[in-house]
Amino acid sequence: MHTLYNRIQGRNLERLAALSDGIFAVAMTLLVLDLHIPSAANVHSEQELMYALGALGPQWIAYLMSFLTLGIFWAGQQTQLNHIGEGTRDLMWIHLGFLFAITLMPLSTRLLAEFITYRAALGIYWLNIFLPGAMLYWSWKYATRAGLIKADTPQEVRASICKRVFIAQSLYAGGAALCVINTWVSIAAIVLVQLNYAIAPRLWRHSK
Amino acid sequence: MHTLYNRIQGRNLERLAALSDGIFAVAMTLLVLDLHIPSAANVHSEQELMYALGALGPQWIAYLMSFLTLGIFWAGQQTQLNHIGEGTRDLMWIHLGFLFAITLMPLSTRLLAEFITYRAALGIYWLNIFLPGAMLYWSWKYATRAGLIKADTPQEVRASICKRVFIAQSLYAGGAALCVINTWVSIAAIVLVQLNYAIAPRLWRHSK
Amino acid sequence: MHTLYNRIQGRNLERLAALSDGIFAVAMTLLVLDLHIPSAANVHSEQELMYALGALGPQWIAYLMSFLTLGIFWAGQQTQLNHIGEGTRDLMWIHLGFLFAITLMPLSTRLLAEFITYRAALGIYWLNIFLPGAMLYWSWKYATRAGLIKADTPQEVRASICKRVFIAQSLYAGGAALCVINTWVSIAAIVLVQLNYAIAPRLWRHSK
Amino acid sequence: MHTLYNRIQGRNLERLAALSDGIFAVAMTLLVLDLHIPSAANVHSEQELMYALGALGPQWIAYLMSFLTLGIFWAGQQTQLNHIGEGTRDLMWIHLGFLFAITLMPLSTRLLAEFITYRAALGIYWLNIFLPGAMLYWSWKYATRAGLIKADTPQEVRASICKRVFIAQSLYAGGAALCVINTWVSIAAIVLVQLNYAIAPRLWRHSK
């Protein structure tokens, strides 16, 4: 019954990009709302202020890690959309699912900052990295199958997008699995994987 | 007295789309701000954390339902705007009314999460689904009457947009009416209708 | 010393429009964050919930009024930018001043909702309507003097934009002045002026 | 290993601009969320309300200063992006670093408002001005070296962008250093530098 309507919906990839940019922008900025600052009532000298700020360390690590995560997913989604020529209703809902996972990131971050030594908190945080990755994987598979990818996209690019999601997610899963030792080891591993995606390739290329 | 000014206002459909995307992005991300996480002071083991998270179930259901609602309305408004060639001041104010209802969604969601067994909370939530639907219906009727619809829009599309709003709203109203039995039955019915609009048509089409 | 740099800055009206849409979207949605819902601890029946929601009346009036204000200013700024062909650094800073006043709107609204019978709160709220109006007036005067207005803008449009700001602001000032009687009278007058700008012209035109 | 993927990522400068506008819009509007209004419980007359609002002075100064800072950086980034013809993955991550610093601004502002007489708070605030400046400097240096700058950009413009960041940051650093005397002197100096960048050039040009 909805066939016709469904065919006319979701065509506008620009509005999907605009909604995505908006959600990423809000999520990135909201992360910081959960960073608590010391209260003036408990601080009586410059030293106490420095000390109180230092004690917020775990919060900051969780915050930095989440900003990196959001940056990586924003870049990944953008790369896909740049190579997709046309939208469909299905593609739109896959990306809404992706964005749903993104909106949960400030919450997972808050949970991890509050319970940074708990494996359950780390597991939920990892799920929040896994879920958008899975949606992006699905999105590219779907777009390939449905013939939505721009004709001028080279074959290597087509292949590399899914491979990249797969490798990155394997590394994240490996990092998360390290929580059998300790959540701190696990967090360090995840941050290293993220920095690899954000920074290292730049160094490698410079040495090219 | 304002005739000239009114004729020159509201032409820019792109800025209306940008404002809409911004409001939807903020509303979708703000929903999550109202999800409370357990406090570290009350949790002393991994199991207690899992249990405390599980106890937040009603919050999560309300959150998921609201994200679906926002996604459905975002897609619906986008479909309309894609087929409207030119804006007017009246159209702009109809859509501002639509967006007004959208900004209330995080509040209705919070109310429903807090009072999930109260019919009054469910009734207000339903009103918050009905109101944007009514504005979209009005928007399309107005655009048709004022001749703003793009010439290349097929007759079936023109008809299907209003029919779809009408059928969807009837289903939501039916779902909301089930609260005479129990608010949980009602919520389940609304979520099913939403999933039907978001996911089911994909399955149907795949089996085509 | 900054002459060259200043000449190359602020050209991009599209990014100014995008920033404005973002700020309006956030401000419109944040308004609702300040609406308090009753606490489950104080409500024990459906009737108590209805009653508790009804008691929030003043909040709702302030919220609705602020949404209308933001909508009117968003439409007004958009109309100006549609007729301006090119940006300059000065124009950009005038509009940043305008946006500064817009970001204060959620705060003035909260203040008015909390102190709805206080003239000081109403005076500050009125200032928050006056300030963006003054910036828009300045923006158009500046754009006219600097020759930034698109050549195809008819003379009547050029004149009508400033006149409209002037008349609207006089009506708002008159409404605010009614607070010598009572803040409620004043609020009613301001809302009537706003509805006149948002809705009434539609009725007038329909009867044309 | 990631070479191919890295070459195809980050091309879309429009989406970078959209994300930036979103983050600036949210950050500018969130600043105001931290401004506390007096509580109705503690205010019993018009005079007490005026007095209570006046006592919030330090908050307002920090808020105004942060809005100016954000406006200056938004304008600065926009000027750069207008002259960059093509994006790369590296450029994207430099700008994500810039945006990271921007999202911290509401937090530094809150910290400064709470501890306005503490040098540590001022030092952190200054760092939050220095960091985005350094990223913009890096961004332009990188774009120059990588040949991403539009061919039609005059040589003087190319030189003036880095010089401007350098001079502005020296003035901010000088202002921040004045906190050896007193944080208020330091804040006054920073605000003066900001107003110089926002307003003074306009006056100078008018007198041209």
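Per-chain residue numbering starts at 1, and chain names A, B, C and D are given in the order in which the chains are listed.
Here is the rule we go by: a residue touches a chain if its C-beta (ideal position, glycine included) is under 8 Å from a C-beta of that chain, and two chains touch if they have at least 3 such contacts.
Predicted, not measured: the structure shown is a model, and the values here were computed from it.
Novice: Once the contact rule is applied, which chains count as partners of both chain B and chain D?
Specialist: A, C
Novice: For the Cα fit of chain A against chain B, please give the angle of the superposing rotation, nearest 5 degrees.
Specialist: That rotation is 90 degrees, given to the nearest 5.
Novice: Regarding the chain C and chain D pair, does the interface count as same (over half of residue numbers shared) or different (under half shared)?
Specialist: Because under half of the interface numbers appear in both copies, chain D and chain C meet with different residues.
Novice: Comparing the two chain pairs, does A-D have more C-beta contacts than A-C, or is it the other way round?
Specialist: A-D
Novice: Where the CA atoms of chain A average out and where those of chain D average out, how many Å apart are those spots?
Specialist: 25
Novice: Report, in whole Å, the distance between the mean C-alpha point of chain A and the mean C-alpha point of chain C.
Specialist: Chain centres of chain A and chain C, defined by C-alpha means, are spaced 35 Å apart.
Novice: Provide the list of chain A residues touching at least two other chains, using ranges where the numbers run on.
Specialist: 18, 21-22, 25-26, 30, 33
Novice: Quick one: in the complex, what on chain A touches chain D?
Specialist: It is residues 17-18, 21-22, 24-26, 28-33, 35, 37-40, 43, 46, 49-50, 53, 67, 71, 74-76, 78-79, 82-83, 156-157, 160-161, 164, 197-199, 201-202, 205 of chain A that touch chain D.
Novice: Please give the residue numbers of chain A that touch chain C in the complex, ascending.
Specialist: On the chain A side, the touching residues are 22, 25-26.
Novice: Which of the residues in chain D end up touching chain A in this complex?
Specialist: 2-6, 8-12, 15, 18-19, 21-23, 25-27, 30, 33, 89-90, 92-93, 96, 99-100, 103-104, 106-107, 110-111, 114-115, 118-121, 124
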